[in-house]
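The block underneath contains the structure these notes are about, expressed in structure tokens.
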């Protein structure tokens, strides 16, 4: 038995390659499928099955892309009206070399959610592993808000049944293989550790402490989640099938004048430099989203109908940036600026700056009672748990919609947890015409380390 | 938490890299330590601890080799008189970023055997993993015969305590990380699947069905194991410290005349070609041990005081062959024949052949009642479970000692499970002067597939 | 300036990646274009031009395949009726960063042959390099026989003009970048060294000693070349455009029963094992073509309309074997036998053998005046330069057409230079029903090393 | 024949791997020798010879390091009192497979300088290549100033003889393989193109226009070169043998508090961020040397007796930074700050900033006649060829010695060609206590692109 866990950073999506003999299955493949083909080749296996745990919302699933070169059959859960693949019956079984996979309906996160238990016939007849999709994570359970507010109680109830009356009954020793790891927007408490079992989750998972259904529903209903606007395109793509890529569409290297031309024709710029570098020099109008933030934050802000240009912290990041963007459906990448922003200013083109503050400078500003807006762009939950007195909280994803709440005629000092999302927010404010914008390097992390005062709000 | 399992093929040794924050530990490192240094670098971690589960017998442990460039501290269990490293107390704890390791005495396989439970403090206070060394494998338990026949009952009793009153009590959900995987001489029933838990082992592991101590001791006492002669050097090395390699000693490429010269000066030749190729052409006197068999079979036959020459199935195997040999202490590699055996015969040097038989030809020989010795070189246990009527069983490792039992004046037809170990045996017979030697390609596997008759012996 | 030489082994085809600034050109790309895309990415360049030196005969050119993802423009010489790309004028110039390329008509090998001189404007105005295609190689000049026998004098005359009145006039210091290296069927005397200059060729190249046109024409007319049948498909593909691959079509891993099924449905088998291994065990009917021989010999024997199955010396060769085959248009690869021939015989399926001889055994056979046909399958030129008395010469490529000349009722002992092509020939004889076939390992190379007698024929 | 050119970036050092059969030679190996071992392994060759072209000044030669694992013999030229290796005779020959190397005395750059002509015996008896060390580069000739001012005429005369009466006589078609490429401090006009020949150099090389010895001596005497202080250690190391590394000493990942502790104990910090990022945030006291500048600029400023700490633009640069530093003898690397400067400020530690200017802001400052020192840190030659009116020229390497010439009581605005060396200079000024320091992003390159006025000085 070969089990390989493939993590897609940024969205912290976990997919799996499971093989035995010369047959393999992939669970929830991503859109850049080269890794699965490479694993199949390395292990001398044919990918015969593609199993989806549900119609994913946060990335484009690669099932159709992978079915092309492999001829594998795609399987989904029922309920959703998929335009491709086959619909599973609860309990349907598949033989894969010496393994048996058993499809289990586990709705709750979504109505079509499936889990897949795996029996290793070489050692016994009880399941050894289970792919849990977005039903059960390490230290977290799936969101139940995608059906809308009114459906939350019903979906939480379904999830309760899927967890307590299906997954947890598989046995404490069963290893779980969830659909996301730490860092996913699909669960803010997912543990860093990626190895877990039913037994460990029963012991540690906060949600599973609520063994009474009503209590569980209350617990899940109290959760707060963000849903970025790009999710709706993902849902459509994953129902109908996204355009096929047939290879990674790496954008071309542009020299400054080619880049400038593309910019002037209406392309949007993403600059992946970290805040300090972006502060020192950037191209006017650029969105500042660091590399690891691309798959999470691009979809909050950038439309899908315009070409995208990249300025990279390091040109070697091109492949990673491309993968991150196509995974969330941004296929129209018009080019990247060869040699980065240095090429731009070496060409004599104008450079823009953004003000940077240390937490000590911020403290001094506050102590001097300077007049400015202190904008904290973290999730409301984090803000409530501890923030600087007087700070205003707007989640970074909502900045563009709430500009009216941010006075343009006085300085705006932005912070988040370390300054990266604050950097995103600052670039949005600059694009919106704000002129006195400051990013606080280290933000709340540094502020706390420096032992400056923090207030919280229950 | 970062957990990486590193498998050394051939001996199926499993070592582990465990990290959190910028600190890491390695459990039972192998002697070619580049993989651990590379993992440390990739994850930005310092290897601070090296934990040994016991004084290993089947390979040279790389603890001292790894302590050199990393400055890590080495820890062992008690009892054995180690010349290096520190001795652990039962229950001793170590902090590693957000993890806690707890050393547990689990004697039985050896008196100094330790396990290491790991608590992920980020999610709870109960262990999430346990490194079990050679106490508990997936589907198998550790050997108890290394203390000699007379100690088996005592050691089996110790192992029973370590298993039932320590490891199994950690909880069904705890993930196990054993010291060997499938293919190890340290346990013939180890499962191919490398993922398991305490719960799964309680369910599936045949040895753990013996929940009564007396029954367990009887069960373990009935096991039959081979102990290759090289184990004694490994034991010495692992107690006193093996010579430091400081890098992989890749032997030089030799042209045929350089190779011939080295050969004539007394070097021994290992030819890694598979049986069919070795049959067609080889250098007189070569040991025929396939690549994957190097770490298991070289130590049965080759002395440590002579230089070794290699003829490789493919020159690209040089690095793998070198790793396999230095892992069991063969550091005196004098060279390899560039372009393999083809270079040899292109130079006009004499080539030797070995007769090959298909199972169908063997069947015909038997049906014709030809006069020959049918030698089956598998383990006695396998032979008893099913063999060809009239075959004589001598385990491949014992051929050299039991030549007197094999008549030299009539053909010897050798088989094993697929023909690889039979190839080893054939090369030993040729070296011993036998002239009518046949290897059966496919051996018992093909014989059974062809549905030819098999007898067994209880 | 970036210059990268890409060698395609087997056919010894050389293509080139030339770049400056963020622009690059590729000269004579092969069909598996990933290497050029990777170079473009590594150097941050856009491939803007694809230059063909002529309508190649011995491989499928990758121009259209590369134009797809890069948008590059394809350029050819005149005369041939290409269905794609643009036709060059003699002397046409292209700017590429700080470089200038100048297209030069250099017919002779073919009527459309072009060379491309490169000026490095940063250091001067004279050419620094020239891409010579199949006009001028290191130590060799291009073939002039592809227009048919009657055209040889005219084409040799054209080549003389292209060499002496164009290329050699560029200057002794100019570096040459030819279309083939040692091992190509397009020139049997091409040197192993791949670095050369006009000056070195004037000094060393045997053909360039013929500075008188009539002498040169006589010299070229006396050359003997083979033209494998697959060349005609290459010519058609390279004129009209071959089917697009859009990625490497790696065939799937098959288990023995899947492999057997495909075989029984009519697929052909290529076994890439070296002669000794093939001798020991192979699947009936297999063509025995070693890995490096695939691009040269497959096209002599295998039709294009049947699926091909592979048995590899090592499964890790799959990618290389696939590349070799698609480069000559064999796209219909139905699968490979996972774990090679060992899997086959382990399944109990019948195995075939082929007799092997050492040169010493052959000598003894001759000395004993045994009755057999001694068949030498090297090129006539090599045979004439030295062979075993009594041997019959039929080039390996012509065996199938000349079976009538080889008696089937007595043993056939086959040799070539080292035994690989003899192995190909043996497998053809076995397929044709010959039953007493022997391959001589080491063949003429070993025979000479052993100082056995050789005769020659002027 | 295998010829591989290995470029060490930064110092633009070129070494070569030359092989034939199973024998190879390395010319001027660098200290991190893994690349040569890897080439030897890939080609199945033994490195038998190490040839030095001269006692190098700008890097630690890896001859002894490479002789260790390979057993190769080291050869030098005469005159210098080397403590290791063998001394060559002029004209001494070496056989290497089918190649012949001929040692040629070519003094001038240094008294012991050797070149090595290579004959490819397979194609002729005249040289095909020549390794020219620092005698002849592409478009440049070697420096003659290392013997001190008074020896320049003599050494220029020697070089003239070596060039015109030895190297150029080898023949126009001979390919040259020099010791440095573009970017080396050993020749400011070396071309980017790395392929050249004697014939091309005769045509293009400016120094070779001076075919009259007196004219050549005048030409060479007029050259201006910098000699960084670290050269003297390199000379000592290369004469006596540097300490052996036996592997790459990658420094450990430090967390901010470990880093701070090391810093407080006296370690020096190098920050490799580009100017914009360094401007936004850095650790007080850090030297700002970009990655590619490490091998060129570290040796100007940092003493060899203190531990060095690294803050990297990207942690993935660790290996490259380590290689760059050990190549010039900085072996005492105490660690790098994991996750870079962001980790520092996230820990709440104080961050420093550096002012940044665009060329447009600089122009405005000048137009407003603001009071500041405009410091241009390029080479005098570059400054004379074009600078901003009123700028003061001190080469970056001399800043520390000439602080007295830079007023500390008014702003210092620093520029170079693009801003990187200006960044180095700024960090030196900050270390020296200057408080009003500005770096001009894009510097003279951007200034010229913006078409602002430039003056020159003959």
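Some observations on this one:
By written order: A, B, C and D. Residues from 1 in each chain.
In this section, contacts are C-beta pairs under 8 Å (C-beta built on N, C-alpha and C of every residue); 3 or more make two chains touch, one makes a residue touch a chain.
Please read all numbers here as calculations on a predicted model, not as lab measurements.
Farthest chain from subunit C (centres taken as the mean of C-alpha atoms): A. Comparing chain pairs A-C and B-C, the larger number of C-beta contacts belongs to B-C. Taking each chain's centre as the average of its CA atoms, subunit A and subunit C sit 49 Å apart.
Put simply, the C-alpha centre of subunit B and that of subunit C have 44 angstrom between them. In subunit C, no residue touches two or more other chains.
Those residues of subunit A that touch subunit D in the shared complex are 273-277, 279-281, 313-314, 316, 341-342, 345-348, 350-351, 353, 356, 358-360, 418-419, 441-442, 445-451. Contact residues on subunit A toward subunit C in their complex (touch as defined above): 21-22, 37, 40-41, 44-46, 69, 246-247, 250, 252-255, 315, 318-319, 338-339. Interface of subunit C with subunit D (complex): residues 1, 3, 98, 120, 122-124, 126, 128-129, 138-139, 171-175, 191-204.
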